[in-house]
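Listed below are the structures to be examined.
There are two complexes below, and they share subunit A, which is joined by subunit B in the first and by subunit C in the second.
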Partner chain A sequence: MSEVQAITEKEAKARALDIKSLDNPKAMKLYRRFDGILILVLFAFITLGIQIQFTLTAGDWDYWIDWRDRRWWPLVSPFTLLLFIGAFTYGIWTRLRLPIIATAVTTLLCLVSWLSRYLNFYEFTHFPMSFTFPSTYIGLGILLDCTLAMTRSLVVSAMIGGGLFGALVYPLNWSFMAPYKVPVEFNGTLMSVADLMGYEYIRTTTPEYLRIIEESTLRTFGGSVTPLTAVFAGLCGIVIYAIFLYVGSWINGLDKYAKRIV
Partner chain B sequence: MKRMLCGKVGVNSLLASIVLLLLAGDALAHGERAQLASMRMRTVHWFDTQVTPLNVKVGDVVTVTGKFVTSVWWPKHMPSIEETVYLNIGVPGPTFLRLHSEVNGVPMMRSTAFPLGKVYEYTTVLRARIAGRYHVHPLLNVMDAGSLVAKGTWLEVADNESGEPFVNEVTTLPGDTIDLETYGLHGVGGVYFWHVLWIMMGVGYLVYWLATKKELFIPRFIRIREMGDDRANELLTKRDFIASSIFFTLTLALILGGYLWAENKYPITIPLQTGLVDVEPIEIPSGDLEVVVDHATYELAGRSLTMRVNMTNHGDSPIRIGEFLTANIRFVNAEVNEGEFYEGEEMVSMDGLTVSVDYISPGQSVDVELVASDALWEKFRMTGLIHDPDSRFAGLIFYYDDAGTRYYQEVGGSVLPEFF
Partner chain C sequence: MAQTIAQTTTQEAGADSKVAGHFKRNRFAYTAGAFAIAVGAALRIYLDTMGFSVGTDYYSEEFQTYWMPLLYGEIIFMGAFTVILSVYFWMTREMDASKISKELELSRYWKLLGVFTVMGVWAGAIASNAVESDAAWHQVTIRDTDFTPTHIIIFYFALPFLTAMLIPTFIWTHTRLPAYMNKISLPFLAVVVGILMIMPNYGFNEWGHTFFYAEELFAAPIHWGFVFLGWSLFFLVPLAVQLFTNMARLIAETTAEEGDHQSV
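Presenting the complex of A and B:
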């Protein structure tokens, strides 16, 4: 029995009125006001949620320029973002057909990260912004959302958009991260500018050994670490995004309990 | 009435907050009392810690020197310093720049490992960056064990009168001189440029979907519910497809263009560097004195540690016991009048050590009672010794021959409490 057939007569009448209200300018004006409130609430929730989640799961990788290595940072960051984006996208897409969650999450994360770095790291603890600026993932969010908008398919967007989201972290950020990988000689040791900054700008409880620099078994293909990691991250991005779209569908199904309560 | 009550409550809360703020003092300790007593006694014995000078201006150089001995009584329940350790400096974040650090002459940009029962001489050179009053502690970050701090020394940093912004210049291997304070941030192709560009892209995309649609959340929800999932895609227009295609293409072009631009501008780059370095340890200069600990007791009421030891002098010069050091506290034998004391040095008990035997003559083997007694035991929470899971102590005894040459070695063993 389809959902349309299953609804009660009372609910059918209510739905008919809802549809009729879309032709009513006064109702539409009211809806727009509600929409404004909904956007504020949704964006505030996304901002807080992604900030907490990203801090807990990818924190130091995004705080310090000398943590963003070629292997772990491009893997950890997209994973932690995609699981949040996947869970949200399913509901917003199936109920509203708005392909905006990935862009909203990455843009809001970027804005709140800048606020946090400026207030907490620069003003409060005196780290230079050149050492603690956040990474950007906005381009990846746009690619993921656009894939969904163009293909109109969650599955295809997971295959293409999820893959691109995982694979392009390093190229996207390389445009402004490259200067920090320029070599420097210090005390007879080769270091990158980022390594030197990590040494000079003292972090009492973040010693050098806490960084996870290129620790893994992905060492084939003649040391082509960056492209190899990108391919692996792309594959994992597809899987993670697909899994959390499924989680989103499960969360979306919980509305039946809300209806019962109502 | 309600208004009055709110007003009163508000004023009272404000007053209470002001009083609390006025009463709140500076944070004067930075973990040196927080760790377990046994952890401080049996891990690293810091000594000769010296910070010079103690009054500087922003931009001036400060040197921190000292030595430490890694304890052979290292607690078994704690990850060892023999695995991975990093020489660090306990200051409030980057209020100083670290210009140089070394242990036994080896630069310490990277982590290392320290075998137990050896001496390590360290130097850390700092450059004052932010004005203020700081408690400077040398410290070791031991992997999985945490930070082991030496005693702190207060240091005053005044503002630089010139008012010039702080500059931290280095020269890269390709030959460019850069200021790390602002490097890579400004200009076309800098961090700010790219971030503003991407934020504009993100906001532009969101504005397209949220501000140009006549029907948004509630109307779309109503329509999709009516149309059903099969026809819901009809809400996406041709214009949406074109806009998405433009954003998709533009984004890919920006990523690719930015990547190629950076590759062209910075052709020589290297991955982040890591790895452990080796440090050759120094043997403890224990001289010709053999020390065997018989037993030790800790008297809670008297705040004193009593050690009964057997000492045999195998050398040809008489020896006097001058000092006992544990958990960064120096218990000094006032009768010996040896040892250096540094400007601003804390945690020193000038007559805290009594020794039952004045001289240990060459060839003599004698039972000696050392009593380290002072209120510092209480002040630095060493009385918690009896609550430790492994009730043992360790420390360094310093002794001198006739020529005033200093020797030292570690002593340790079980300690029994005396409650009353």
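Presenting the complex of A and C:
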């Protein structure tokens, strides 16, 4: 009992000192310096993490304008982004009360993708930027973070924000993509401008393009494929975001020390 | 004991102020960060210059002259870097945590953040330069070896160098900072092991690629091992929480003592 009291008193004293330090300009300056370093390091590693994850799970749909189809691209992109965002959001929201991760991840991905496409696809392998420019997801990130900030609930933000994040990929990017979806006739075959560019720039991914993009599409569906994909992507967004919020809660529970590993 | 700590504090902190040192800029972060950027830029220029001119045919004499020595050099450098630093940090470890003053402990936390800053710079360089260079390379070349120029830069240097920095840093942290001594930080361990395991995963990845020579689907399942291991970065949040919990308390204590001394 006495031991418990001693620990409590020590802890109470330390916490009082913490609060007192908030009035100390020297302490505040050090806190701010610490914050600056932490933000730099965390954002740098988040950039690396999302770049690796996005490249290896949805990269093909983001590298090439002709790959940005109406069935897979609006599905795989929010899926892989929300997975990454969910795990980080839990820790940053519960520990620091900052609804910033979705915006940060999507913005950092956008910045690093533009830099990377220029250096690697344009400068290194000489594909045109108009063929390989990255999609944008920043608006979706802002939407998800705003949902969290306004509802202050991870569950509600997963239901509303996660769903909207999944559903709105296509409309958010439509203004960039519309010129590439204009139909053209080439050697008697009707295709889109994006397809024509793809056939002109033969890549090792071309066979996979032919296998995956618009493969065995039910043409009788007419124009409703895109909204159907959006609704399904919204469902996937809700589920995957909720699952990885849970993963984030498990990981943040491991804020521990061990005496031995095994 | 209290006297010992007070003496150590005074010796380490200098004559004027105990916290003054913490406002100085971390030269290590600036110097090593600039060096990391220089090395990354040099490798990138080498890749741009020599990649497509002498790097597309593994069986050519030029490839063996210009690319394989770079690979061997990288492996030797990183192996030596990791082993020498790790052994040195272990052999010179602190034996008595009670001899470490709060002031010294806090200064070591700043050093640790400096090292993480350098790693962050390196991580940013990998993200912007390295990752998609391999994607672009495989879109325009036939795969005839695991040791392609982009792999020699990314797989055998850029990513492993993160591990080469993380392992000695892990040992340094657990032998110099009282909060980490005689125990193991689980989130820190998860970050180190996750990034370390990316290297054995090359085996799975390259084994998978022996089935293909051209068609590149970057979202192919044989790449998902890297994604799973990259999730070890999720543990950066609990690691950051550990760090700022320890550091905030030390900052509060040392600055309070400073204020007390000045008021006296």
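Operating definition for what follows: the second predicted complex is superposed on the first by the 231 of 262 C-alpha atoms of A that agree within 3 Å, B and C clash if a C-alpha of one lies under 4 Å from a C-alpha of the other, contacts with A are read in each partner's own complex, and residues count from 1 in each chain.
In this text, contacts are C-beta pairs under 8 Å (C-beta built on N, C-alpha and C of every residue); 3 or more make two chains touch, one makes a residue touch a chain.
In this text, all values refer to a predicted model and were calculated from it rather than measured experimentally.
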Q) Does subunit B (first) or subunit C (second) touch A:Asp18, or do both, or does neither? A) both
Q. Given the touch rule stated above, what does A:Glu208 touch, subunit B (first), subunit C (second), both, or neither?
A. both
Q) What is the contact status of A:Arg70 with respect to subunit B (first) and subunit C (second): first, second, both, or neither? A) first
Q) With both structures placed on chain A, which of the two partners, subunit B or subunit C, ends up touching more residues of subunit A? A) B
(Q) Just checking: does A:Tyr31 make contact with subunit B only, subunit C only, both, or neither of them? Give me first, second, both or neither. (A) both
(Q) Between subunit B and subunit C, whom does A:Arg95 touch in the aligned arrangement: first, second, both, or neither? (A) both
Q: Report for A:Thr125: first if it touches subunit B alone, second if subunit C alone, otherwise both or neither.
A: both
Q) Between subunit B and subunit C, which residues of subunit A are contacted by each of them? A) 18, 21, 31, 34, 38, 95, 125, 127, 203-205, 207-208
**Q.** Residues on subunit B engaged by subunit A in the complex (per definition of touch)
**A.** 84-86, 88-100, 107, 109-111, 129-130, 139, 141, 143, 147, 168, 170-174, 176, 178, 180-185, 189-191, 193-195, 198-199, 201-203, 205-206, 209-210, 214-226, 228-229, 232-233, 235-236, 240-241, 244-245, 247-248, 251-252, 254-256, 258-259, 261-263, 265-266, 268-274
(Q) Looking at the complex, which residues from subunit A come into contact with subunit B? (A) 3-4, 15, 18-19, 21-22, 28, 31-32, 34-35, 38-39, 66, 68-70, 94-100, 103-104, 106-107, 110-111, 114, 125-131, 133-134, 136, 138-139, 141-143, 145-147, 149-150, 152, 168, 171-172, 174-197, 199-205, 207-209, 211, 213-214, 225
Q: Could you pull out which subunit C residues touch subunit A in their complex?
A: 19, 22-23, 44, 47-48, 51, 113, 116-117, 119-121, 123-124, 126-129, 131-133, 135-141, 180, 182-187, 189-190, 214-219, 223-224, 226-227, 230-231, 233-238, 240-244, 247-249, 251-253, 255-256, 258-259
Q. For subunit A, which residues are in contact with subunit C within the complex?
A. 14, 17-18, 20-21, 24, 26-27, 29-31, 33-34, 37-38, 40-49, 51-53, 55-61, 63, 76, 87-88, 91-92, 95, 112, 115-117, 119-121, 123-125, 127, 203-205, 207-208, 212, 247-248, 251-252, 254-261
